[in-house]
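The two complexes that follow have subunit A in common; it is paired with subunit B in the first and with subunit C in the second.
Showing the complex of A and B:
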């Protein structure tokens, strides 16, 4: 058996991958983290001359940082809210109802994924130009809303389908109305997965950069857009580092919740594997 | 997953039909208006140009301009080059990782898997910043080389290799996951059977494993091509100013040069180069999922 052979051997391949990936993936992020807590780090010292929170105070005192945080949070909240309002009922209908064209409409949400994303954004921008939506809050909301549709419909559909139908039927048998059944039986069972989809779409929207840059700039400045301008024009390195750490917080929250979902094979299958 | 026949729980079968359509109407209309219509309109407005008179007439002028303009061709070439190099590097890096994860167990394997998936939780803008800090001029690598008395590296920042490094980093998680999911279809029995008849590691990989995961490899490549061909943030921040990749090129033509017609022409050309990968990718996703 293969297992017996590998049992006592030192896993050199594993050690190689672990070291290489730590160097390539963790190390660059540690460098950014170190810069964020550095007051003075002059070339060619290998470690910073002075650690401290000086640049946290300075970054958080900047008006453009706060307006970008507010803009990012309100955009992500609005997009997630609108997405939940239009997608969750649709997901319920796809999971439970029969109507003409159900399959083709279900797969229509894949349409946007058959094209390179930025090309599609440029094509949409061409239409927004004549609608005067360029440089407006609602233009960015619309373009980010489209990006959430696939997740917000496909994941909840799977959630609704996995609800135990016998419990619903039992509730109906003892006289519960359709809304009571939905509220007391269906929603509690599908809830956690739907919450994960909502979280994913919030975080995804928060980091959406291309649409915000192409449609919104320069009037609509989200955190990632501000970060681009810091990278291009800001000589003080620490501002970008502090902003990176701030920017990473939503992703960290998503990481805590989504780990289990992603490790399971169903996630990769959703990407066509 | 199999298609389960929908049983109505809201209302009767008859009244369920219009209600169902009504419930899905909003997102479906949004897809029509924001995905399907822009693509049709993009093609229409780039081949149906305003003419000398008051109307519009059929013309391939903007496409002819793109393919006769050396700068546009350079941009297209560097995009194709980046896409090819990135896809190749991704396969060379991710296939060994996926193979290792398929057969290894225990804590070390879990750590490797965790690290391979981790970039999914790092937004590409933070990644760009990290690449500049580490590999940029006077970055950490320069610091370390300098401290042991070695000369500076030739920084990939602002060269075509900058976006390649960023895009490979960014795409590792999904490529590993897709390949790993494909490797799940290779049964232990078939591998042990091949070993029993004396197949070496390489023969095992070439004759048993690769044929069985060829579809997953194609899916991973399609996904990568679609993502990279019009990538914007990483090439814009890490790449050279000229030649630029199609993403930044379209953005600059649209916003800075204020020339939507040529920007949309570039977008349609990007669609044309990706259409085969796009259709293949969408077909594979659809095959795995039934409503």
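Showing the complex of A and C:
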């Protein structure tokens, strides 16, 4: 109702911010997007001399690009899966049980993110070196796993806490054991929020570069790491541009999916769930 | 054929004794109402029977089998919660079928039983509905059906209709009574509505501070409350503290013959048993207010000491505020040291 009133007046501040945001966000995207579909673009022309998919063919023909894509996808999947297996039961324990050291443990997940990340990574890399984990798939999995802990614990804890205890008790009452209750009642009730956390964890891992580079280089090359090296080392801008456009795809799909999951969840709650 | 036996059960939380050395046997097919003020331990007792709390001490048996430490999913009890606690991510059918599926029943048997129980609670054909699309009364019916469909030995209801309006509550409790009689299911019903308890129960257990104050048939609890607390809790009761001397109870001018030994006593009179007559002399009390309810009138009386009493009369016209009156209790009880010492019924 308040909106209907304000809609009549022209909101100049709003327009200013909208335009500023568009320039800051959309303009670079536009430039990168244009570069990705450019065959020839020489100074001082404002638009490319020749559009085309030449560099798409060239990029996608490279073996290192394909192995990076596979590497990124399998890393992100493995990390998300492990993170879910470890964090969801832990989050449930935090939400529903009281045990000694609960609060200290809970805040320790935050502490990992309170330090400058790179410093922490270097310290971990030192440990990994002595464990022979540097340059291995599992070393990268481990380091990226640490990065997901925060929101894979905190978000699900909140989600589990908001599940009505009586619902769980009612399920126990009709004969479901604790694990069945978790699987059939608690998880679906907390579902939309947890799905969002899992998604966040997947996308976050997919784009993670610091840990992947520091622990994984040079044997393990993820797509973002490859893109950075293209941008830094290749005289041809298009390779990097094509890869960044490629990298949009997972986050775009994730965004679409997240919107559906989250809005359907709040929809159900709006009905009085 | 199910008997619930609660023996000397105590439940202590860190600071409070919610249930204190409680003993009760609920007979086969009996409906017992647990009645008591807020915090008297009704829910805690019920949750211990359902398996959601473990007694600090004492034993609970069902048909002679000790279930004191058995988890809820292994108990033959069915619980209906105040906040229906339906699973909102399942439709009505799935809510009812969940327990049957866990028992490994074949799909057609599940379907048959779910449909039968929906019919029983008056919701035939509602299986496909989402639980959030039901009214409060329908949700409570589904919650009841969810327990009934598993044919529990003991049905536990914790103020199941407290969130519903008066009219719906009355209808649903009659339905519960009908269903309970038809299925002959041993039932424990928690309420803090005394009219609900009087209307439903085979037996009422009045609780106070985790203990039984009185356990008896509704008419006995109403007519012969064992303690002043029960007297004040069930129905409307006038309670007057006074002293007995030479076979007469007295409280500032209001006196009644009471053939008990001298000492302090509490007199209990129902409004319908407290007759009032125009004062013959100075008068024992004054009328404070007269409220006409059509079928009857309630006269509020103020004793000289400030104590208020209620009397029920036929005609409002005969009385007016400020009038001096005498009190003539037709039937009353007297209590001393928390026990009845006299009844004049």
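Methods note: the second predicted complex is superposed on the first by the 246 of 273 C-alpha atoms of A that agree within 3 Å, B and C clash if a C-alpha of one lies under 4 Å from a C-alpha of the other, contacts with A are read in each partner's own complex, and residues count from 1 in each chain.
The rule is short, and it goes like this: a residue touches a chain if its C-beta (ideal position, glycine included) is under 8 Å from a C-beta of that chain, and two chains touch if they have at least 3 such contacts.
Remember, it's a predicted structure, so these values are computed and weren't measured experimentally.
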Message: If we overlay the two complexes on their shared chain A, which of subunit B and subunit C does A:235 touch? Say first, second, both or neither.
response: neither
Message: Which partner chains sit in contact with A:191 here, subunit B, subunit C, both or neither? Use first/second/both/neither.
response: second
Query: Is A:21 touching the first partner subunit B, the second partner subunit C, both, or neither of them?
result: first
- prompt: Touching A:122 in the superposition: subunit B (first), subunit C (second), both, neither?
  reply: first
Message: Contact-wise, after the overlay, does A:170 reach subunit B, subunit C, both or neither (first, second, both, neither)?
response: second
Task: Once the structures are superposed on A, label A:217 by its partner contacts, choosing first (subunit B), second (subunit C), both or neither.
output: first
Query: Where does A:106 make contact in the superposed view: on subunit B (first), on subunit C (second), on both, or on neither?
result: first
Field: Residue contacts with subunit A in the superposition, subunit B compared against subunit C
entry: B
Statement: Dual-contact residues of subunit A (subunit B, subunit C) 172, 268, 271-273
- prompt: subunit C touches which residues of subunit A in the complex?
  reply: 164, 166-167, 169-177, 180, 184-185, 188-189, 191, 268, 271-273
Field: subunit A-touching residues of subunit B, taken from the complex the two chains share
entry: 4-11, 13, 16-21, 23-24, 26-28, 30-32, 34-39, 41-42, 45, 96-97, 100, 103-104, 106, 108-109, 111-113, 115-134, 138, 140, 143-144, 146-147, 169, 172, 174, 177-182, 184, 188, 191-192, 195, 216, 219-220, 222-223, 226-227, 229-233, 236-237, 246-247, 250-251, 254-255, 260, 263-264, 266-268, 270-271, 274-275, 278-279, 281-282, 284-291
Field: Complex contact set, residues of subunit A against subunit B
entry: 2, 11, 13-15, 17-18, 21-22, 24-29, 31-32, 35, 43-46, 86-87, 89-90, 92-103, 105-120, 122-127, 129, 142-143, 145-146, 149, 153-154, 157, 161, 165, 168, 172, 178, 181, 207, 209-210, 213-214, 217, 224, 227-228, 231-232, 237, 240-241, 244, 247-248, 251-252, 254-255, 262-263, 265, 267-273
- prompt: Where on subunit C is subunit A touching in the complex?
  reply: 50-52, 71-74, 77-79, 81, 83, 85-89, 98-99, 102-103, 130, 132-133, 143, 146-147, 150
